[in-house]
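Only one structure is covered here, and it is reproduced in the block below.
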Amino acid sequence: MTNPFSTEAAGLQGRHTSERIFKLSGLAAIIFAIGFLAIMVGSIAWTGSGALRESVIKLTVDLGPENVDPSDVDGASYRTIVRDALKASFPDVKSRKDRRKLYGLLSPDAALELKQYVSNNPDAVGQIVDVWLLASDDADIYLKGGVDTSLEESQRKFSDAEVAWVDLLTANGQTKRQFNKRFFTNGDSREPELAGILSSLVGSALTLVICFVISFPMGVGAAIYLEEFAKKNRLSEFFEVNINNLAAVPSIVFGLLGLAIFLNFFGFPRSSPLVGGMVLALMTLPTIIIASRASLRAVPPSIREAALGIGASRIQTTFHHVAPLALPGMLTGAIVGMARALGETAPLLMIGMVAFIADVPKGFLDSATALPVQIFLWADAPQRGFLEKTSAAIIVLLLFLVLMNLLAVVLRRKFERRF
Amino acid sequence: MSDISSKFAVGVNPFAKKSSGIADKLIMVVLIACASVAILVTIGIVMSLIFETIRFFEQVPITDFLFGTHWSPQTAITAEVVGSSGAFGAVPLITGTLLISFIAMLIATPLGLASAVYLAEFASSRTRSIAKPLLEMLAGIPSVVYGFFAALTIAPFIRNTGASAGFEISSESALAAGIAMGIMVVPLVSSLSDDVINSVPQSLRDASLGMGATHAETVRKVVLPAAIPGIAGSLLLATSSAIGETMIVVMAAGLAANLTLNPFEAVTTVTVQIVTLLTGDQEFDSAKTLSAFALGLFLFVITLILNMIALKIVNHFREQYD
Amino acid sequence: MLNNSVESEQKMSEFVKTLDENGPIIQAKGVEVYYGEKQALFGIDIDFQKHQVTSLIGPSGCGKSTFLRCINRMNDLVDIAKVKGQVIIENQDIYSKDVDVVALRAHVGMVFQKPNPFPKSIYDNVAYGPRIHKTVSSKDEMDYVVEHSLKRAGLWEEVKDRLHEQGTGLSGGQQQRLCIARAIAIEPKVILMDEPCSALDPIATAVVEELIDELRERFTIIIVTHSMQQAARVSQKTAFFHLGNLVEHGDTDQIFTNPQDDRTENYITGRIG
Amino acid sequence: MLNNSVESEQKMSEFVKTLDENGPIIQAKGVEVYYGEKQALFGIDIDFQKHQVTSLIGPSGCGKSTFLRCINRMNDLVDIAKVKGQVIIENQDIYSKDVDVVALRAHVGMVFQKPNPFPKSIYDNVAYGPRIHKTVSSKDEMDYVVEHSLKRAGLWEEVKDRLHEQGTGLSGGQQQRLCIARAIAIEPKVILMDEPCSALDPIATAVVEELIDELRERFTIIIVTHSMQQAARVSQKTAFFHLGNLVEHGDTDQIFTNPQDDRTENYITGRIG
Amino acid sequence: AIAMSTSAASARDEIRIVGSSTVFPFSTTVAERFGKETDFPTPVIESTGTGGGLKLFCAGIGEEHPDITNASARIKQSQVDDCASNGIKDIVEVKIGYDGIVIANSRDSAPLEVTLQDVFLALAKDVPAGEDGKTQPNPYMMWSDIRPELPKTKIEVLGPPPTSGTRAAFVEIAMEGGCKSFSWIKDLKGSDKSAYKTLCHSIREDGAFIEAGENDNLIVQKLQAAPTQFGIFGFSFLDQNSDVLQGALVDGVAPEFEDIASGDYPVSRSLFFYVKKDHVGVIPGMEEFLAAFSSEDAWGEEGYLTDKGLIPMGDEERASVAKTVADLAPLSM
């Protein structure tokens, strides 16, 4: 007796094949999307990893009395000293144009560094010493292998002469690469090799503080009102619809709101974390309200009944029992909202947070920029050296986002209650 | 403080209303105020947009804005420089926005739907627990990152691919921005559709499987048709967020207000123009600056309508299977 | 403050004595409840006697819980619920406008089907009522109230060494007794119980039933139960509800041995069999 | 393709004829089902006869549905479910490796507790099975199959004018008959029904019960029911399950009038009373 | 506490600069060094375009208004009037050097050689039509329509918007220069100045000239993408992007550092910034910043600004401007 239910007997091979294809195409879609994610983050991280190293060049500088007056160490022209040292290394560079190129091997900050060095090592005054000075972005890129020397000279920015100089320095052991601390301690700069993320990071932090301080209490208050007190009627429905819609308003529209109302109408200071935070707070508000309502709803009604049953008023019930139980969920929602706010760029462009700001902001009213805006600005900068800085800044931003989301997950795990 | 002794005197209401504390009233007022902020923000948005938009339409006729096909929002700033007359036809921006959003949805719809179907119907709970958060990470990555990646990697890739195939593609093609945006909204489509597919009652699946349909046939012929309204809602929401997306297009789509439907050409979008118009000069009486608010209003209205429709559809769908 | 409350305590007990020990403490007159369009209770008239346990029995959905929740106005919480008729407690119609539900609920305590201790310490669970009603003014007095209430609820011995552990960490039966202790800590006159044992195992049920019998000395108790055996064991009076009507009401013995109404008889025999 | 399926159709019907008309079509041998750790069925041995209606009865949770779903391997869909033992249909153990559940389910149809028509037109609901199994090759043939199935399910007269309206728009009883029509459109040999009338009103129930009796002519039917009256009305054989065991199995008359096992008797009297 | 009104806020302690995107790189470079080498905070600089910057600058006195605005073209009388009407009477003009305006394209295509007249004919709204005194709307679609020697590609030039100083300078120097080369137009200047201006300063709006916003970096990127297009921007941008772009020879001179400095390259303009005198002494560090900008170290022959593409003034001119800066001598038009 043959098996009447076998695949072959029933002629089902075709249908099973199409089932497999269907299933595989779903899997393929997921793999594609996640693969895109991996490639994107991976390639950015790869590019960005270069920003962690900086190139330095060793020069023999003459701090003798004709250059540095021991009685006025700060008054010396360290720029000239550095340039002289370079000239001394390459005595055959004569023309003005070539000399400019030669000086261009070092960062404009090299003179400042030397000055710093001298004030740290007063003994060196009057001597001839070897110091490591920061290379310029172009030299740095070349040293990191970012210049394709097989191209014709006119096709690249780093000329043959420069290549030869740097090669010579390298051959003499006068170049090396070291950890780039500057990237984490400096503010923005015109020079890629000097640019750092500290000012924008602090700007982001200040902005988020404002954002949290405004949106969290407000969002929680609104959620408590809507979930615990508002009667189900037209008005509460209107609130509901409104909040849901607000959650989907494009972020740039919030920027327009901030510009028209906070800056032009109220005259708050441009480019300040205060205004940035307020704009982001309005944007985050619906997220927090929605999350808070969900976590209030998750508090079992039996808790409310228990409290009301022994004569607690609704406000007491809410604030003594319900809200504390919902708090972790609300916080989780707030963190997720903050994470979104941290990555938000567009509305900040509208309110002047795009200025060149090198200093670390010290208060909520100082001019500041934010990390994603800094990324945007650097992405637009013409110098190639900014490419790796941009990528590195993106990685830092992503790390913070991951940290915040982890925090949310931990919070959720820790306080997850089985009622 | 309640007067306890009095409530036991016969004939007196033992449960008399205490004058409820001012504190309680204050708390209620604060709570209501918090809830009202959401409304206030909406009103604020609408007012600030409408106010400036009206001023804009005093200078530029509304018909020119809505139906004009030339966008060149430049007006001279000093009497001495003879500037261009300025053209405020929003049609190229709107088509540009739609073109990019369309490309995005062309990418996001199959990817998102296929992912959602796989996750909801076929994936083991282990796969699901890994793949779902990973997919959602796509939505968590700031758009400035997508913009950077689109401008730096996708656009040159498309351009080079085109060049090797022998035709010219703009380095700021609508395609590059659209692809990045499409990937970004995949999780939006997939997680909403996932919800929707999950809310199709199991009894329908049982019915189909019980008749000897394969799982794929069940999904294709029963589950998906039943989920169509909800999926449509999720696609609308995704479209609305694509239309409102800013940074990707600012960084990858460019400024050229070309009236074209060719995805290989550069186009500009409403959001790009808002950013460009407002990150430069700030004089609040020139048509150039005011036009940004008109664009903002347009954007707000479009996304609002899309959302309302989408939410209606989705809610209706949910009720249907509750 | 302290004096005041001690004094009032004295006054109260005097006052309680002056009332007829067996007079009705609660009278329901023509109570009707609507959930939206749907009517759940039809003209309920019933008196409850002081220091007695009354059971409400009847098939599922007949309106027992609905009626019970009318007595401390917990139905106010249901937006669509509408109550008509009068519930008079101590000569006061509790549905009249000038009644404060908060004050009312301080006098009419409630114990629910599923034990629902607050996710706080045992001590704080019991102390919560006195705290919000500010009936207690010092830490010492509070300690006394907590201990006393837990003792009355027969839980003291089991928890006295871990008063500051979470109330939710107790067993189901202990939790339910904690809820009872919490309810009696504010000295209500009436305690409403909605199937207080249905989530408990038989042993815990027995403990709670015993407790109910003891509590009757100080409180008036109304209990909803699905178990006729339980009704027979704990209550002096029984009321039988059916499809939103109060069918029969009287001494428990009489209801179970000699029901007057066919519906009651059907119900009782159908179940006991 | 067409030839092929027509041919196999023919083969099948010949094959059916060669079998003893009253021989067992389904044999369960030592069927055990586990949900994770929990065993839901214990060594069930039972034969089902061709062209008979067999009722499965027993208290809630005794495993009736679980057993029913073993017969068309719907339990495969439950991740944690594990089936041991054999279910033999037409000399083939359906749990053997080379059985294709899709083919199996085309031979063993199922009707569920809650009517679950697809949210499609009535026509498409019935045409769904023939379409996926490609048993029908032309529009005309499909029209015939749909009409025929609806007629057999006693629904044709009521819906013939609105075949292209949504199936979900029908009344509950009509929906259930539509589900039956849908099931028989692919000419299964066995139809499993899990409490097919529990969501229906008495009139619709009567119609469906009558239908079941008619269907028996062509199909073998196994029905789970909670109503012993229903079991008595529609079935020739009855099997009584208790706590995962098959307690008793035999002619319906005998089971209801003269049960062999105490448990069966208790169950039957307890309910009928 | 956060002060909610700016007028009540304590005095701003960093200098705020707005204005030209052409001057932006120089200004930020000086600002950055200034921040590093002194104890004053680094000035905050926003790139808003020359016109936009002056608009903000002239809006009033007070710390909510910028202290300095950068300009890639000299301030106009109308702007001075605008400032004056808002109470800003004393403005110090600081010329910082020169910048060539270049017409550049991608290195992927051949370099262009044009005359100023070609430029005018390619980009003007109306061009002379045959006989003297007659004009016609610009008919030239291809470069080769103007002169057969020019490339046979569509005229597509990305240029700055009218709010930009680069645009103003380009119009005044290149366009007007080409325009004047028609003798009858030159004569028109004497007879009908406004007609002359309209003719010489109007840029075509039929798509051949594409306004590309204030962000010159974007133009650079676009040119890389489209090798047949040309872009108009400051020399410093060409200098920074010399690996991908090349400048067109104008009247036979390539835009090279020395040629612009010497004045051989015909399209070069001066760069300025303007200081609100009323803010000096109020906003800390103003004088010091001005001094830093006008130091030899910055704008001198060998100064660091030359690395950024600034073309320095001659020694005498530098000295005289430095004196104006030191004296804070207000501008008089």
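Think of it as A, B, C, D and E in the order they're written, each chain with its own count starting at 1.
Rule of thumb we're sticking to: contacts are C-beta pairs under 8 Å (C-beta built on N, C-alpha and C of every residue); 3 or more make two chains touch, one makes a residue touch a chain.
Given the structure is predicted, the values throughout are model-derived calculations rather than measurements.
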In how few steps can one go from chain C to chain E if every step must land on a touching chain?
2
Chain nearest the overall C-alpha centroid of the shown protein atoms:
B
For the chain pair with the highest number of C-beta contact pairs, give its two chain identifiers.
A-B
So, what's the distance in Å between the C-alpha centres of chain D and chain C?
50
Suppose each chain is reduced to the average of its Cα coordinates; what separation in Å results between chain B and chain E?
39
For chain A and chain B, what's the span in angstrom between their mean Cα positions?
23
Averaging over Cα atoms per chain, report the distance between chain A and chain C in Å.
60
Contacts with 2+ other chains: residues of chain E:
47, 218
Set of chain B residues in contact with two or more other chains:
20, 214, 217
Considering chain A alone, which of its residues make contact with at least two other chains?
15-16, 313, 354, 380
Touching chain D in the complex: which residues of chain A?
1, 3-7, 9-12, 15-16
Which residues, counting only chain A, touch chain E once they are in their complex?
79, 97, 100, 103-104, 108-109, 112, 154-157, 187, 189-191, 194, 266-271, 274, 352, 354-359, 364-367, 380-383
Touching chain B in the complex, chain C uses residues 4-5, 7-8, 11-12, 15, 89-92, 94, 96, 98-104, 107, 133-135
In their shared complex, at which residues does chain A touch chain B?
15-16, 18-19, 22-23, 25-30, 32-34, 36-37, 40-41, 43-44, 217-222, 224-226, 229-230, 238-239, 241-246, 248-257, 259-261, 264-265, 282, 285-286, 289, 313, 315, 319, 339-340, 342-346, 349-350, 354, 372, 375-376, 379-380, 387, 390-391, 394, 397-398, 401, 405
Touching residues of chain A toward chain C in the complex: what are they?
231-232, 300, 302-313, 316, 320-321, 325, 417
